[in-house]
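Sharing a structure, written as structure tokens. Questions coming.
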Amino acid sequence: AQGRKDAIVIGMALEPPGLDPTAGAAAAIAEVVQYNILETLTKINADGSVTPLLAESWEVSPDLKTYTFKLRRGVKYQNGEPFNAAAVKFAFDRAGSEKSTNKDKRTFANLATQVVDDYTVVVINKEIDPDLPFVLGQATAVIVEPKSADGNATKPVGTGPYKLDSWAKGSSITLSKWEGFRSPATAKINKVTFRFISDTAAQAAALMAGDVDVFTRIGTRAVPQFKMNSQFQVILAGSRAKTILSINNRKKPLDDVRVRRAILAAIDRKAVIEGAADGFGVPIGSHYVPGAAGYVDTTGLNPFDIEKAKKLMAEAGVKTPLELTMTLPPPPYARQGGEVIVAQLAKIGITVKVQNVEWAQWLSGTYGNKDYDLSIVSHVEPFDLGNYAKPDYYWGYQSKAFNALFDKIKATANAAERNKLLGEAQKMLAADAANGFLYQPQFPTIAKKNVKGLWKENPIFVNDLSALSWG
Amino acid sequence: MPLLEVKDLHVELQTQRGPAEAVRGIGFTLERGETLGIVGESGCGKSITVMSLMGLLPSTAKVTGSIRFDGTELVGRDEKAMCQIRGNRIGMIFQEPMTALNPVHTIARQVGEPLRLHRGLTGAEARKEVLALLDRVGIPDAASRLDAYPHQFSGGQRQRIGIAMALACGPDLLIADEPTTALDVTIQKQILELIQGLVAERGMALILISHDLGVIAQSVSKMLVMYGGSVVESGPTETVFAERAHPYTQGLFAARPALGAPRGIRLATIRGSVPELVDLPPGCPFAGRCKYTVDACHTTRPPPTVLRHEHAVRCIRLEEIAAEGALES
Amino acid sequence: MSAVPIPSAAALKVPGFWRRALRHRSFVLGGMLTLLLLLAAALSLVWTPWSPYEMDMASKLKPPSGAHWLGTDTFGRDVASLLLVGARASILVGVIAVGIGLVVGTALGLLAAARRGWVEEAIMRLTDFSLAFPAILSAIMMTAVFGAGIVNAIIAIGIYNIPTFARITRASANAIWSREYVAAARACGKGSFAITMQHVLPNISAVLIVQITIRFAIAILAEAALSYLGLGTQPPQPSWGRMLSEAQTMMFQSPLLAVFPGMAIAMAVLGLNLLGDGLRDLLDPRLARAR
Amino acid sequence: MSLFIFKRLATLIATLIGASVIVFLVLEILPGNAAQMLMGPDAAPEAVAALATKLGLDQPAWTRYWHWIAGLLTGNLGDSYAYSSPVLDLILERLALTVPLALLAMAFTTVLALLVGVTAAARHNKLGDVGLMGLTQVGIAIPNFWFAILLILVFSVQLQWFSAGGFEGWGEGIFAGLKSLLLPALSLAVVQAAILARITRSAVLEVMREDFVRTARAKGVSQRAVLWTHVLRNAMIPVVTVMGMQFSELLAGTIVVENVFYLPGLGRLIFQAISNRDLIVVRNCVMLLAALVVIVNFVVDVLYAVIDPRIKASDI
Amino acid sequence: MNQPASTQPLLEVTDLVRHYALPREKLFGPPPLVKALNGVSFSVAAGRSLGIVGESGSGKSTIARLVMALDTPTSGSVRMLGRDLHRLPRPELRAARRDFQMVFQDPYGSLDPRQTVARIVAEPLEALAETSRAEQRERASEALAAVGLRTTDMDKYPHEFSGGQRQRIAIARALITRPKLIVADEPVSALDVSVQAQVLNLMQDLQQQFGVSYLLISHDLAVVNHLCDEVCVVWQGKIVEQGPPGELFRNAQHPYTRTLLEAVPRTPTGGTLLAA
């Protein structure tokens, strides 16, 4: 555990199932491969800004529909194949094709990619999306190499500074520095091992015993003891995730906005954050987080007020005790947060029956069949207000006004105007109490004191290894 | 110096109902080459007596009195010292040949164990000795059966193996606790003849326990009749058989059905049953079951009365009994 | 077939059963501990020092004090109250899970011993087979199908107990079947069922009692393990197992949190074991006189 | 002997067929599927459907059953949905950890249990016996995940003798491998050892009442030697029976301990595979467990014959 | 019930054969056989007693089990009052069992330690299921009285009795249905001489009192001699010699019988021990 300034062990809670981000949605995939093995045209930085990566620069047409990317020259894949416009076209077409299993298949199906010359591509978007450069910096948009693309799940081949060394399934993944990288000096650490430890107490133990150097997104329960420990640094990274109490807007009496407001008013977000995330979170009043463009503070719209909550319930004519079920997926924030909310709702006469489910059940029952009353889940997609405009989305929120507003947002290219509209949308969701908006989680990363280059914010979940070094 | 001299031996056992004196003041002597038989009803303390000679009583048992074996005192010796004597200078044969052998060890190992322990023989040397021993006790084709397990032998053969084991180190004293009770008459005969032959051949002393009077009559030169933890009658076998001075001895002899007796006669029985050890009366243990009982019987333990030929009887009413016996005949 | 009297009832009629029982040291001690446990569970129905559901984030993870005798947990709930209420779930798990295993497993084991031949073979292979699905695995599958919850957890643990009881019952029952008194009963014209109920079952009760006490402990722990995997009792319902698994994540900060439910389980198990030992002795007429 | 093996083989096949049907049916009714799990909630439905087709999830149940069985017969266990790598390799990798772990735990269990059980029996009803049995009582009441963390706290965090978990594989050498399995094996063993010790004690006490023990002592064998050479082996039959059950329990019951020590073992594979709906992995793992249980039973039966010469392999 | 013809024997055993199959050693071979009984025939007239002697393993207990219909013969028949027991339908066999009962060798093992004496003794009645509980108790107390035990013993457990008393309880159980035949498999070999005498006397008294017949199995010639009108000597699954005991023992024909007689230890004195 000592004397190795060229190696680092990073702990992660979950192991990625496969290493192909274009074929699976698990965040852990990107956390291992993105920017390290596989690269995208653009790079999303810790502060949320988008900068060139495989693309040297790009131009956007005024209608926000045509993007022209100039590609970086002299880039090679780890199997020796050259990186060029053809590869970009292949990657985007593949992601949008009939057989594609890309999570963002719809986005790519809207894109038409044209090769202008070896190092210029034109991407035409059928819809307006001012955020496209951001989207193209996400893991689903990695530029895969045509010949090796299908084997990426087990043997990813990319253009990045690291290559896959070994994968001991269930235990660890080791990456090593790729000597053929376009600027070999970028990466300072030669060998990176990802260790997968899901038990919170074991995570802390592994850090204390020196088995891992960095633990990203560690269980919040493990954090307090490290705060006072001078050998470790604790980084609290904000994120674009929104932990919410999903409310099934279709179900009686939850279809009544007064009942939903009552629920929100009964929730003390501070206590929820304390219970669910050991205090690591920032209250939110709508489906939007501080730090994102156009954020407005809406936490004052439905403040914690038991008396008001009771009044609202009475107004709505709900007979108490009202019995509701709460379906909880496995993560601790849901299970623990659920316990807190159950206790809080009990105070206004809502008896909540908890049902712990696996993710698979949550996906098929709650998300798929919309068979639930309440649920707690963290929505990690950076920009997903649009889900409120989908009529068949699982929480069943339906508002013509919101749909119109969102269409307008999509069509607005001007940033200032767009931000103003976004603010309106946030207020509308808060007023409708579309869901129980709880908090923006802060993800603690704990590392040895002398580890440098860790991201302070998490607009997306990646571990940018080439930024790391031992101080 | 006699080989074994037991004086005033008392054994107190811890039972669930409190302490019980299972052996109360037994004494006898045994010379080399002499044979002694012990008879008595089940539970009268025969086994406890010989176990105390071996030092094999449960650790809660209290032994007092004196057991001098070849000049050394055995009462109060520690476990380690007793281990030196057991199986080496005193050998023992048990009642049940079916259960007395360890089912999971080969007979070579079991018979050889005392040799390895006491004589320090190596495995191979012990094996040679074992072979000779098994040949001597009459196991057919012993060489090929050294590595067989007990269950592969018949009851009679197992008892022979048990004897070989007891004889392995050439003990000075052989104790046989009901060695043939579990066997067929035909096999019983073979085993008894074998033991007698060995005793004669090696000049060992023998203590034989049995409740079969026929066996005692055929095998030993002197005998003890025990009842309720004490010896009620002792002496040379012929004398005891001929005189049957103690009422209990008489009852025991009369209870046995005889081969060839006419049908229809009733067997004589002793009324009542053996008293529990814990509540043994202070007086004669047989008092109450005996038709000669008088008040004095209940109060004090009768002292031994020595008749002719070292024939001793513990009974205070010998004269009355003799008189009645004369009358009857 | 004639009505079968319940054997244990007959045994309990031994004159002076209670008089003997009260003089049996381990029975009394075990009985007291068990009674304490039951009383705690019963008390929690009407009274607890604090509400076990009342959270107070401001006073979370407090050490034991006058207000909170055993301190507070991560949600600021009173540990003593949780322990009292948790006793209910833990007792339920133990009793029902062992009950399922005992009833079904013993029945199968008795059947195997009574019928021998292919029935025995089939039952024994079936138990082999179900042993291949350990409790946790079947619990995972069951809860995946029917949803997580204490009922399913209990059933899964119970199912797992079946082969264990079946095997032990069969082995001991076979030994009883070879006794002479069984041959005597057969000579009287008794059928297999009557013999099983009147002779075999009472005579293997000692083995079963010992097994029950061990399995009870294992069931409580299995619930703890299932809770650890999120498959046991569902919040807000507390159970000792769930408290333990909660506490496990806090082992570095508040080790005391794990000690209390752990001790509760240990006490319950100890009490039951002692009670079982005592009961075994008391129900055995051969030992009845002894103590 | 041949008859014995034939019987066992028949049992194995019957068990596996039964297991295959039950497992398949049970897993069929699990809600959710692998494609959905892999793609997550935000995925486009078309992408999920495409993945389902690719994995063959859209075929009727009996076709999938048949494919699976046919694959099993030809030695092809298929590819994991989640890891997209051959199931066989996955399982073999995990077995390389779980089997040694279970064996090591079993070894600890046996040694501890025999020591405690025999010692307690030798001091029957004395202070030592009561104390040791009290200890086993506590041992039975300790949950293994809790004990595991305790061990980590002491040996990894405080003393830093061991790493807190993880397993580097046998490539690092036998010693290193065993070292990382030591604490997990110990935490698995404690409860089992406590149970086994109680059984050993009563079995030893039972045997100590047998006549041949008296015979051995009459030969001059000391009490301690009698216990270890004569009594123990005779007491092993019930002990081995329970050990057989415990081993199968250990084999798959390692889920929790593997979780705490983040070991890549079979238990965790099954747990993860179930929650990922990687059913192809689950099915094959359960088949493997069923086979292992039958094999362990076989070993136990052979052990009976080894321990007790009266039992012949042919009449098991 | 029809009255059996007076000429008809109580028990008639014809050509009884019992082979036990041991576990197969080879997969496709015949299982090894133990030929425990190889064609045994005898009969017992009402009121008379038959003794069976023979060495260990000669098949004595096998005969007892077959006569008691606890085991089925490989071939041959057991007729009780003219009816073949092994052909009777179950309910009729159960009803027929009132006529023949059994006493086992081991007084410790043949009584269920967890049942009271009353229940043990009433067991044959309970199995017949014709009588009420109270009646069963009544009859049990009578049976106990017949064997010399007290009514107060009814609620005790077997361990509270001595070996001889236990064998009395076993005999009381056999007597309770007033059977015509009692099969006794080594009823006294586990007992002490003095206790053995009590039990033998009791059996003798009962024979005189109730006219039961005994099928007495023993390896002790003297015991058989004491109780039986006729003796069979079994050797390796066959009856090798048969006759009234006195004659047979005085004048043995078969070499095995002679070996058996020779092996009996003789006591040196005369008097009551040896017959004049």
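The chains carry the letters A, B, C, D and E, assigned in the order they are written, with residues numbered from 1 in each.
Criterion: a contact is a pair of C-beta atoms (placed from the backbone, for glycine too) under 8 Å apart; a residue touches a chain by one contact, two chains touch by 3 or more.
Composition by chain, UniProt nomenclature: B = ABC transporter ATP-binding protein; C, D = ABC transporter permease; E = ATP-binding cassette domain-containing protein.
Bear in mind the structure is a predicted one, so any value in this text is a computation, not a measurement.
Enquirer: Along touching chains only, what is the step distance from chain B to chain D?
Expert: 1
Enquirer: Which chains are shared contacts of chain A and chain C?
Expert: Shared contacts of chain A and chain C: D.
Enquirer: Select, from all pairs of chains, the pair with the highest number of C-beta pairs in contact.
Expert: Max contact pairs: A-D.
Enquirer: Take the average of all CA coordinates in chain A, do the same for chain B, and state the distance between these two points in whole angstrom.
Expert: Distance between chain centres, rounded to whole Å: 90 Å.
Enquirer: What whole-Å value do you get for the distance between chain A and chain D if each is reduced to the mean of its CA atoms?
Expert: Roughly 39 Å, centre to centre.
Enquirer: Taking the mean of the C-alpha atoms as each chain's centre, how many Å separate chain D from chain E?
Expert: Here the centre of chain E sits 52 Å away from the centre of chain D.
Enquirer: Give me the residue numbers in chain D that touch at least two other chains, ranges are fine.
Expert: Those would be 30-31, 149, 153, 259, 274.
Enquirer: Which residues of chain C are in contact with two or more other chains?
Expert: Within chain C, residues 144, 248, 251-252, 289 contact more than one other chain.
Enquirer: Which residues belonging to chain B are in contact with no fewer than two other chains?
Expert: In chain B, no residue touches two or more other chains.
Enquirer: What does chain E use to touch chain B in their complex?
Expert: So the residues of chain E in touch with chain B come to 55-56, 162-165, 192-198, 200-201, 204, 219-223, 225-229, 245-246, 249-250, 259-269, 272-275.
Enquirer: Could you list, by residue number, the parts of chain C that touch chain E in their complex?
Expert: 1-2, 7, 10-11, 15, 179-181, 183-190, 194, 198-199, 202-203, 284-286, 288-289
Enquirer: For the complex, give me every residue of chain B touching chain D.
Expert: Residues of chain B touching chain D: 54, 56, 79-80, 83-88, 91-92, 94, 96, 99-105, 113-114, 117-118, 149, 151, 162, 165-166, 168.
Enquirer: Which part of chain A faces chain C closely enough to touch in the complex?
Expert: 199-201, 204-205, 208, 219, 221-222, 224-225, 270-271, 274-275, 330, 332, 335-336, 338-340, 342-343, 346, 353-358, 360-361
Enquirer: Taking the touch rule as given, give the residues of chain D at its contact with chain A in the complex, in rising order.
Expert: Going by the criterion above, the answer is residues 30-33, 36-44, 46-48, 50-51, 54, 82-85, 90, 93-94, 149, 152-153, 156-157, 160, 162-169, 259-265, 268-269, 272, 274-278.
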